[in-house]
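Down below are the structures I want you to see.
Shared between the two complexes below is subunit A, which has subunit B as its partner in the first and subunit C in the second.
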Partner chain A sequence: MTHRPPSAFLEFVVRFARNRGAVLGAVIIVLVIALALAAPWLIDKNPLRIVSRPEVWPFTNPRFPLGTDSIGRNIFAMIAYGARTTLMIGIVAALTATAIGVVIGAAAAWFGGWIDDVLTRITELFQTVPNILLIMTVVAILGQKIDNITVAIGITMWPGIARLTRAEFLTLKNREFVLACRSMGMSNIRIMAGEILPNAIPPVIVLASVIIGSSILFESAIAFLGLGDPNVASWGALIGDGRTLIRRSWYICAIPGLAIMLTVLAMNLIGDGLNDALNPKLRDR
Partner chain B sequence: MKRSIVRRLFQIISLIIGVIVMNFTLIQMAPGSLLDIMTSEQQVTDPATLEHLRHLYGLDQSPLVQLLRYTWSVFTFDLGYSYRQNAPVFDIIMAQLPSTLLLMLTSLGVAVTLGMIAGVVASVKVNKVWDVVISLAAVFFFAAPTFWLGIMLIIFFAVQLDWLPVGGMTTIGEQFGPVGHVIDVLRHLILPALSLGLFYAAIYTRVMRASMLEVFSLDFVRTARAKGLSKTRVILAHVFRNALLPVVTLLGLQLGTVLGGSVVIEAVFSWPGIGSLMLDSVMSRNYPVVLGVFVLSAVVVAIANLLVDLAYYRLDPRIRSR
Partner chain C sequence: MAALLEIRDLEVDLFTRRGVLRAIDRFSLTVQHGETLGLVGESGCGKSMTSLAIMGLLPVPPAKITGGAILLEGRDLTKLSDSKMQAVRGREVGIIFQDPMSSLNPVYTVGDQLVEAIRCHFKLDRRAAAKRALDLLDRVHIPDARRRLDAYPHELSGGMNQRVVIAMAIACEPKLLIADEPTTALDVTIQAQIIELLKEIQRESRMGMVFITHDLGVIADVADRVTVMYAGKKAEEAPVDVLFDDPRHPYTRGLIGATPKPGDERRHRLVEIPGTVPGLASRPKGCAFANRCPLVFERCHVEAPALVHQAEGHAAACFLADQMEDCDVASVGA
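Up next is the complex of A and B:
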């Protein structure tokens, strides 16, 4: 985006801001990022430490604004530190998925023939296998560490990106400007990365923003099932821990779930806004 | 038609082989071997027994031979033996599969029915109050984690109101007649099917609404109205039918994730299906079962995809002529 003239960027911002939902989503995400960044200053302790008696209800003790969980850990601290985990996993997993998907989709479309066949089959394979089962298997085999979980989510989320990139590349690869590059003797990689990709990327960015939301949902499900990293505060794990207490202290489950929902909601709203801003033609249709 | 079915069958077979290779690679990457885990649990240290086990499970052969042997055995419905349950993996999974399929199909039924109705209503009342309410609900249910929604439903309907059971598939310790049994299972099914179904209903609502609006703008709809057909008839007989196609496509694409979703929901509601089996096997590193669940779920999804293709074929005559 940096090489575009500033007016194009301004136009992007204006189009994005016209979508009120997207602006709301952006505000929520900025707040979540602020919470994640400020966590060490707000609570300069290990969020997983026991600080009080268990099951203090929210809004009853100013030291624990969101109460404490089943073993007396500060829920606000875990929400703040959990925001770091959630955002990190969401963004890194989506970047991994986008990188894999773009490379595979671009290669399939550009080279065609048997390479396209094989890559399309592999894409279908990953699309058919139930994602959560693949993530569970990878995590079970590689171990319950935060980077393994991130990679596992990343390698299950790429098929959508690959299909989209392939479709975009197919429509672009026979256009005049590409033929011109070819006749000038540019290398395949240079044409693909330097000429076609910038034109193909807007819809990919929109999908990637939705994938951040889905990755967050997958991470929370894995942590909820007890397959998460035990040394990291996670919103999903907090829900899992609170399950046994739903009769008395249902707030332990409710609060982190609301946090997940708001964050994913915000990501999806931003996706809608990016769609309006980056693909104006699609929108007018 | 026949040709496309044969093509699909070939695709399913190549898919199964792909799943097997993928899993096999994953398991080769695992730190401990199958034998280590097996023997540490049973505390076997005798070298002769170890050697015997290694030979019995074919672990003394090269990975490639093991892979070929496993691939061949999958096609003869032999998924290996689970030392933990002491039974063939295929039998263990088959015993659990029906309850997962029941949950999965009910959830999909809920999702498609709710999604279609909500989508049609929203598109007919576009930009009116109902459209806004439905679209907002769809946005929320699309962002809520299904397992969390499930817990919230339990808290509200099972704990606070005491209308429905908290979990399980049947009431333990109760004897019902055949009809009573069905009603009992249905009562247990409502909350898990809703928690999973509402997420997908949100997706179908959005797709159905967009699809209906697109069809509304086509020429043949104006022709139908000009012929003097009533609005209801145009909506149901003309627009609805044509707007269904994207929903069917999506249904086929999402079967894998619905199966995955039911795995998570099973853990919330202690539903006795392959989800709980998978979780237990992952925790205990019981790889033959993990592998088996993986392969069989891919087969289930592939078969379901084939059925969706057939439905598509019936719905859209344009495909038949191709």
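Up next is the complex of A and C:
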């Protein structure tokens, strides 16, 4: 009798938890998510409303624990609501990038030939254009709205996913179980989506988690440059607005900057942990 | 009634940078309903290429069927569209590959994979398919089948996995089963069990079977008739008893001489066939076996011998086939 090994999920959790940094990252992200979810209960008014005189320093007025910005908006409210924007953009952009990248990479590897050539050239084309320029162009064309910004980031970040997926599919498609599946009469789509993809997805998930972090950075950069959505609280926009006062009231930039740094760092730490837990090549070293 | 499978003058070419290489050259074989045909030959002689051609799974490019026909109950599989062929695979022809570990998808349980195999062709809901999967595991004699449904391939032994692979191959009740070296990757004791299992299943379901191997000992056990393949061509074909009693092709004789037999391991050394199968790029104009043949003479180098009919169902592609009757098997190749 074979003894049943612990369930795959439990094994995954154990491997992930073995990486201390990853656990720290997970804790930070959970806190950010909690803050984002709790925002409407903590502050029941529009975070972009002017509530006080400008430049109230943090920890001086209990009504505004993190102070107010250059025009008198509650920084804590903007951080809390900004967390929603930031997480939403990071996750949706990464999902968009992953969806595009997986489809293109998988199709390129599976069909090969001229389809592979064309798709690979397109991927390289996207990689040669500087990301921030491409995002700015797309936002400028589509308009400064939060969903447009998300889409713009998503369609900028997919080439990495596409290349990784293509590489995984190329090795997997020659495995014998794929031939066995075809010999049972499975269709191409079914083999790609149902049989190869589950084998190819772990490294893609790792990369996607890192892309969440980069997407957050890009959103902040876009907002900092003033191309963000003016109707949505955003960490990047807060830094952008506060930059003129950086000598006198440096906290206006520092607080959202810290938030961005911690969140992106946490995402990268999580990516590291996912790599340990999911990447079979590094297993059991 | 049409034969279950009839391959007629099959030609498979490989289109490579070095030119067009002929991998299978006017190769024919027939399998009747309920019959087991043994297909024997060394590595690289085109056995697996033939089985992939039947399944319509040749790697295109570089391989391409350039001539001949593969008739399954009279219907030419080489002329079927991709989607029609998809309906044939698994449903009418099943195949078992050499290495059971790599034939199974590592991320799914055995049960899930069986259910998928069943639902490729049968419109069953998951529950009914799962029930059938359980029956199939019972049928291939996997003990404690209900629990094994939830096992992953890496949790099972090679023999168990090969049983699962067999269960998947027969899941949709194909009429023809191709077993491509199904025991080569297994321990000897497990080999015998798997062969017994295949014989049993074949007997019960009246499937036709093509059993591919390089092991003549196995062939003697399973096959009704044997086709010996050499360098993409048929070297000899005979009912199994005839082949072992009265082999007419020097290559067949060499293979038999190179197979250990019980009782005489002390008296005779195993006789090896010198050299290797000529590579695709260096196939000679004459007989492909000429460079290794102990009986070679001038004609062999200039002209490829045609199949010579010997007796009922017995043919050999050798100029000397008629003169081989009383030749001592072991002396050939020595």
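Rule of thumb we're sticking to: the second predicted complex is superposed on the first by the 275 of 285 C-alpha atoms of A that agree within 3 Å, B and C clash if a C-alpha of one lies under 4 Å from a C-alpha of the other, contacts with A are read in each partner's own complex, and residues count from 1 in each chain.
By our rule, a contact is a pair of C-beta atoms (placed from the backbone, for glycine too) under 8 Å apart; a residue touches a chain by one contact, two chains touch by 3 or more.
Remember, predicted model here, so these are calculated numbers, not experimental data.
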| item | value |
| --- | --- |
| Simultaneous placement of subunit C and subunit B on subunit A, clash or fit | fit |
| Partner chain(s) touched by A:Leu225 [first = subunit B, second = subunit C, both, neither] | first |
| Partner chain in contact with A:Leu133 - subunit B first, subunit C second, else both or neither | first |
| Which superposed partner A:Ala180 touches (first subunit B, second subunit C, both, neither) | second |
| Touched partner set for A:Gly236, first subunit B, second subunit C, both or neither | first |
| Broader residue contact with subunit A after superposition on the shared chain, subunit B or subunit C | B |
| Subunit C, subunit A and subunit B - angle at the middle CA centre, rounded to the nearest 10 degrees | 100 |
| Subunit B versus subunit C as contact partner of A:Ala254, first or second or both or neither | first |
| Partner chain in contact with A:Pro198 - subunit B first, subunit C second, else both or neither | second |
| Contacts of A:Gly213 with subunit B and subunit C, given as first, second, both or neither | first |
| Smallest distance from any CA atom of subunit C to any CA atom of subunit B, in Å, after fitting | 17 |
| Intersection of subunit A interface sets (partners subunit B, subunit C) | none |
| Complex contacts: residues of subunit B adjacent to subunit A | 11, 14-15, 18-19, 22-23, 26-27, 29-31, 139-140, 142-149, 151-152, 154-155, 159, 253, 256-257, 259-261, 263-264, 267-268, 278-279, 282-283, 285, 290, 293-294, 297-298, 301-302, 305 |
| Residue ranges of subunit C touching subunit A (in the complex, touch as defined) | 55, 57, 86-91, 94-95, 97, 99, 102-108, 116-117, 120-121, 151, 155-156, 165, 168-169, 171-172 |
| Subunit A residues within the subunit B interface of the complex | 21, 121-122, 124-125, 127-134, 136-143, 213, 217, 220-221, 224-227, 236, 239, 243, 246-247, 250, 253-254, 256-257, 260-262, 264-265, 268-269 |
| Of subunit A, residues touching subunit C in the complex | 2, 4-5, 175-177, 179-187, 194-195, 198-199 |
